[in-house]
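Note that chain A is present in both complexes that follow, paired respectively with chain B and with chain C.
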Partner chain A sequence: MKELTYNTEDPIAALATGWEESAIAVIRTSGSDAIGLASNIFSNKGGLQKAEGGTIVYGYVVDPETGERVDEVLAAVFRAPKSYTGEDSVEFYCHGGIPAVSVVLSALKKGGFRDAAPGEFTMRAFINGKLDLTRAEAVHEIVTARTARAHSLALNRLSGGLEKRIDGLKKRLLDMLSSVELLLDYPEDELDGQAGEYPLDAKAVSELCADIGRLAESFKAGKVFRDGVPVALAGRTNAGKSSLFNLLLREDRAIVSEVHGTTRDYIESWITVKGIPLRLFDTAGLRASDNPVEAEGIKRSGEVIAEAGIVLYLVDSTEGLNEEDEAFISGFEDAERLIKLWSKIDTVPAAGEENDADIPEGFIPVSSVSGKGLNDLEDALSEAALGRKGLEDDVVIDSMRQRDLLSRAKEALVNTAAAAAEEAPLDAAAMELRDALDALGEITGEVSSADILNNIFSNFCVGK
Partner chain B sequence: MKELTYNTEDPIAALATGWEESAIAVIRTSGSDAIGLASNIFSNKGGLQKAEGGTIVYGYVVDPETGERVDEVLAAVFRAPKSYTGEDSVEFYCHGGIPAVSVVLSALKKGGFRDAAPGEFTMRAFINGKLDLTRAEAVHEIVTARTARAHSLALNRLSGGLEKRIDGLKKRLLDMLSSVELLLDYPEDELDGQAGEYPLDAKAVSELCADIGRLAESFKAGKVFRDGVPVALAGRTNAGKSSLFNLLLREDRAIVSEVHGTTRDYIESWITVKGIPLRLFDTAGLRASDNPVEAEGIKRSGEVIAEAGIVLYLVDSTEGLNEEDEAFISGFEDAERLIKLWSKIDTVPAAGEENDADIPEGFIPVSSVSGKGLNDLEDALSEAALGRKGLEDDVVIDSMRQRDLLSRAKEALVNTAAAAAEEAPLDAAAMELRDALDALGEITGEVSSADILNNIFSNFCVGK
Partner chain C sequence: MSNTDFDAIVIGGGHAGIEASLALARLGFETMLITQSLDTIGRLSCNPSIGGLSKGNIVREIDALGGEMAQLIDKSMIQFRILNQRRGPAVQAPRAQADKFLYNRLAKETVEGQKHLQPFQDTVTDFILDHDSRNIKGVVTERGRRFTARTVVMTTGTFMEGKIFIGDYESPSGRIGEPAAIGLGSSLRRLGFRVARLKTGTPARVSSASIDYSRMEEQPGDPDIIPFSFANETVDRPQVPCWITYTNEKTHDIIRANMDKSPLYGGKIVGTGPRYCPSIEDKVVRFPDRDRHQIFVEPEGLGSDEMYLNGISSSLPETVQESFIRTLPGLEDVKIMRPGYAVEYDFIDPRQLLPSLMTKQISGLFSAGQTNGTSGYEEAGCQGLLAGINAAMYMLGRDPLILSRSEAYSGVLVDDLVTLGTKEPYRMFTSRAEYRLCLRHDTADIRLSEKAAYAGLRTPVAAEALAMKVKGLDEIKDLLASRRVGKKELEAAVGRVDGIEQRLGESFEKLMKVPGFSAADLLVLDPELENRNRRWLEQAAIDIKYEGYIGRQEKQIRRFKRMENLKIPVDFNYDTISGISVEAIEKFKDIKPLSVGQASRISGVRSSDIAVLLVALGRGAGVSEDDE
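Right after this comes the complex of A and B.
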């Protein structure tokens, strides 16, 4: 194996929480002598050295050069192999804020730790056999998840859901390969009772191929949950775009605002519909502008609509469809991306029941005043994002690496199935099966190169 | 005592780290039944219930309504009184990121915890006698400190430096008050050997008064470390302001960039000089603009200069002083706020040594190219911020509340000293001494009202 970017023997340290003013910050360390080195910069040196794994010691971090107490902390001690990395580890719970974190990190560096690279803790956990690669990747996904549902899917992978699925597929592959290799090693005339029987069942190969293909396909859904889907609101001026935008945001805000201290600006136009993260763009503002850059605004609206995964096209029910609307709708190429809304149904002057006959076919009636139609709209958004069947399986992948490896395995099995159907010579089939097995092994990390590992872990945040 | 804003019996929970994508987030809980309630939403219920204080249990947080595992966590158990608040407490170390934190907080709320108010953990620590008020206030200051020196001053207060100082002052006050009250309770003719001796030593009273006054005065320095000092760069176009600005920023950047992941934009123009946080404003950009709002730019430059705590005025040494420079300098009212710089000394075409005689009196020669003069400039900045003597004492206050109470105590002692000098009747002196003692008691929180507490703790971040 080529060398990893970083020496895995060094004692490492990194901030594992954000660089914000906060009550607490966590600084993580790991390494075979992490406890000894940490105790050298700790006021209660003996207490830390003797601490059992899984216990917490109170004290001060001390600058080893000046002897000055630089912060009051709790130090949690973990002893190998019962730690995140599988090595000895001390986690410091110090005061939040940049100066506190800086002085503690500086004391740790003077004490012999080096800055950890992004993902280095998880990479060590992988190297030490604490996690397979699918779980290691989930560590990153869980931190960057945008919705509770995305978090839950990543947690499932972290808990080994994907690893188990891959292991099941590998077992079926291995059974096939064994029976093929048995015949290759011992020509059939040497074996009793199996004479003449072709060792591969074309149907079983095709089923396995289909199962691998379905898992590869789940990448689409995984990507929806990981990256979200851009949704553009379109329609003529005064079609009710801004009201609907605000309604969708407000519905979601109610959830966000339960949470104290949310201050990330970009959340403002992210909404969550049935656990799916959607990035909502209102093209209204771009068009309604009175200043001379209006032409630019219209151009940008067009770009937003072109790039959106889903377009909500609003028609004001009190005005009805006109030529401009019909031109937009008929000119829209990908019907599955388009959701047509019949807006402002609250203002239709109906006596009692509204008249459904008035609603053009394929339009969903909505009211931003009463919220009527919001459920239907959410169903339509979910269907446009995930397809009619929604999410049928809790095990989905969201890593392109995994998708590509599954596709490679699937292709090898397509070839195997063709060979089996023709009862072709076994050498070629065995090679294909071995390749499929290698691809699955690479997913979980049984087969992996330093390049792959460096690439996977370099996307992580520091401290993971 | 009036009621506190929040019921101190409720089990409380809050995020103690920032709302950012990060490896780890810490969610803190406290309350007399915190361990029981937390174990109800924990996969390893028995393990958490039986855990000793200061130990860590691995498991999953479980939504009590759905039974779903919502995050993989470490739970640290603290048992009263050995906890931050003095109550039973569980801290959850869960995955960072908004969804992970949201689902864990939501499970805690369903499990019987309520959101903690800002500062509520520290308020409970105060109420339960874990901290006096000077230390409780330092908890907030330590988190919001801008430089390592400011952090160190706050850590000193947190460790009880100010509390001890106040206790010492109180003891001296109490001794004086006792001797006065002894005479008031037992008129002098009843006491042997003390007949005729006035119980207050005017010199001792004055010394105590001066010590209290010095501590009150340290508020100025404390405020410098807490809030920083705005520093404006001024001078004619091409005097070298932007180069110096960049040099000062770069010097500091070298320190900041040692630290991975620093992304807070506002740091960009904060610099640290001898541990003092300075907010650097370059007025150059405002003036050099070519567009029609130049007049507005000059007006804003003037405002920045007027509001700055320190003004660095640059004169290009290759051009020399002109009338505009002399008008600015002579028109500047507060000489202590003005630092005059003789810039671009690198470009003076001197053969060998530069000629110091060329430098006008009171100017510091600097070169943004070679960095020459930077040390002298830093000395001058420190002196302008803190005075010629710098920081003489590690115990400084940075709370206006403490300053006002110290001033009240000082005033009472000024009156006492006057009474003592005249050997005035003792009743009035006793009243003044009691008032001074009350003021000092209020600083540490022996004497405190609900209003004061609510006011102090409401400035804290949530989770502290």
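Right after this comes the complex of A and C.
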């Protein structure tokens, strides 16, 4: 419970959108006097103070010390309890980019707001009864969603998609448990005709277990959508990395030239492939270098490559594979993270299907000039990010807490299945089922013993 | 010390009142037990039986805590069985048929023989309170007597403004033939207590001589009797059988045709009945698809001709009862001696009590038993004992004895009552307990001995018996760990113990973990084990067999205790917290939970309310994290 130590009375402010370059940034404030405080740093003070909840006021953010207009903004006013946090709140839509955002935040601080701690807005929303736990967790991702797909996934959870899914699992579990508890609550001889068979079906338990496991697994996908996957372009100098980088970005960001060793330091940018947010790194071509600047660049690129979730390794098709390439590829431990590209395929004379035979096994032919192979590359990227099956449905979890609770439920069901397989005494099996149910209950809200009894009596006919 | 007539007054000599008054007197407090009739002390109003699933565990908990019920049944049983042998150790429980006349007489004798305890026949009609009505001062009786005391324990059972119904007949009674206790219910209402109505029912008693047992199944007792009391080595009592018969479509047709004559369905009874122990009318209405219901025919006592028809409780007119009972095989010519009836009575909403069972409103006033909305002798007994102990603790200025949900069924019961209240007569079920693998009946002494010592009710005999048992269990476990299945053992067991052939060289301990092997198999392998205490051997075998499960349960308990150990002061000011829903604040103020764990169990409280409460408590509002 240590994390719940925020003081909930302070006015707080923070950037709600990401720090990276964007046209518009949203800065959110909240607190019982948020509107009053915000109006002190706003050119149209009266307009802001009088604004009704849910309306937008145009004006300038003014530095309260210098009186200087620091940015032209739209201020959205929310009045308690109809706001994200349930408190009074003003959201500023200002110009994107670190410099613009910094000056507005600094003006707000001078005006009496303090920096919000991570998750503090959501915490307040939760405390004020605006969100339950699963939704609170989902909000976090909406705010930080990098792509439209990530956004819709988070929205689905916000609208209770996850809750519905877990409720469904809980219901199955509760029915299973109830059929066991019924037999435990009444003596054998009083359950006329209802006492016969062993009530647990090992197959049904395993199925449920698998379904819970699948949801737990979606944590990985959820994380992909929330944090994005770092992807590094690697290869010898002049392999065509920067060219491919620009193609994937659809923008001429990296310098391209026929000079070996053009890229000296890595550069990065966000891209979206099939809705998956990727952080793409262009790196310095790998070669032995006496130039200390280039050597440093290569070292730093090495680190990027080591930490990347996916590595695109380019081999220039006009040059062919050499020992260095072989060494890099064979030295790469986790083959699933590596995508091998046969670059500049457009230059191969007599281009056509027949020379596919020259392409080494496992390489995807691509061309940054013709765009050939781009689709295959994107498929490969998506598969590497999400696994072969991709994202099976639209409910994913991405809080560690949920993942851990689901894993606990799964483990309890594995034990239950084992108990059921050997027809172990029911009281022991019931303990495992209850543990699983408790774990799921903790994700959305409690299941009490009274629920179990109620379920028994609503589903079963009991004599006595 | 004080200038009151007594230290404590207990109202009502039922199963709760007996335990409360004995506990207080044994702790040296001058106690008066006022009850309507001294002849009905400890009367078994309904079933002539004690124990059953989870209830049997409670009886053994009562014993471990220094109560009386286990001794009474050990001396009066006429049949013993362990229920649910096949369903696993945690849900097995002892049950015994009682000779109800003997039980009643023994209870009376025990109360009469107790030092510091004065039984007195009268009916309490009102309370005496101090000037601002915050503290109890004593009671007023029907005959106009006034007795003062420092504490009062109220255990009025089904008698407070009780009313019984048989068809058109109704009468102000708590049991058939016994007058209701009128007055106290109105006093409580006047004082502002929330008092409501519940109902329950009992079946007809019939003449054994008129039954044709050849048409019924016989249900004998177990050959081996396990005493309920941990202090008793053995029970040597005669055993008689019970009998099983069934209702049929004809029975149901008669009941359906006469439903309009039922006081329940005719709307005369307003109280809510028990869903779990319904009348036969209820069963026929609620389970129209069932073509039969099982009925147990149980003896009421050794010298008595009366038989109890378990499972066919009814408040239909007597003639209707007679005609449907006569449709049951074996009962074609039966003669009814006492008709079945329903009783409706006042109970107080138990959410008005602290976990010590003291009322929040009036200090020194405790309430226990059916009055708190429960049903059943065992449920009444454990509450009576706890209320008696806590009245004593209150007078001693010591912390109340509150059992946790992870320590005892009695703890589950009290926590459920004071936290959730009840809408129907509350009876214990194993499924109400989250941690029942750790609430086995054979471990009640180990679980609760320290609590009995805290209360001052642990007798030297009980302490000695427990010490011997713990030592004995350890020795047996050591032995099982070291003994192996050798050639000799294998020879002795082949053909008598399934699957033993594959177990050569394995330790007995390991063998116990294999599904299908039991303590009985060990006796075949090594007849020497016969010399060990058989019950301890079984208990050790269960401990070993379920070691993994029990270990996991203990882990769950540790998780549970984290929230239980976050204490909330009784006088905590919830109004100062912002962010908790109005509904939750009202509930917190009403229930006055003593821990965050208890607060989280209140119905309608959301996890966000608890989060805010934690924040508020963490901010120096007096939260203490004691690890027991």
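Points to keep in mind about this one:
By definition in this document, the second predicted complex is superposed on the first by the 279 of 464 C-alpha atoms of A that agree within 3 Å, B and C clash if a C-alpha of one lies under 4 Å from a C-alpha of the other, contacts with A are read in each partner's own complex, and residues count from 1 in each chain.
The rule we apply is simple: a contact is a pair of C-beta atoms (placed from the backbone, for glycine too) under 8 Å apart; a residue touches a chain by one contact, two chains touch by 3 or more.
Just so it is clear, the structure is predicted and the values come from calculations on it, not from any experiment.
When the shared chain is aligned, chain C comes close enough to touch A:Y186, but chain B does not. In the superposition on chain A, A:L426 contacts chain C only, with no contact to chain B. With both structures placed on the common chain, the touch criterion links A:A204 to neither chain B nor chain C.
When both complexes are overlaid on chain A, the residue A:R434 reaches chain C alone and has no touch with chain B. Touched residues of chain A were counted for both chain B and chain C, and B has more of them. Of the two partner chains, chain B is the only one that A:L15 touches; chain C does not reach it. Within chain A, the residues touched by chain B in the first complex and by chain C in the second are 461-464. Residues 14-26, 28, 54-57, 68-72, 74, 76, 91, 93, 95-103, 105-106, 115, 121, 139, 142-148, 150-152, 155, 158-159, 259-264, 267, 461-464 of chain B are the ones touching chain A in the complex. Here chain A touches chain C in the complex through residues 1, 4-6, 8, 126-129, 132-133, 181, 183-190, 192, 415, 422-428, 431-432, 434-435, 438, 445-446, 448-450, 452-453, 456-457, 461-464, going by the rule given at the top.
Chain C meets chain A in the complex at residues 52-53, 83-84, 86-91, 95, 219, 244, 246, 275-278, 283, 286-287, 289-290, 292-294, 311, 416, 420, 429-434, 436-437, 515, 546, 549, 552-553, 556, 578-579, 581, 600-601, 603, 606-608, 611-612, 614-615, 618.
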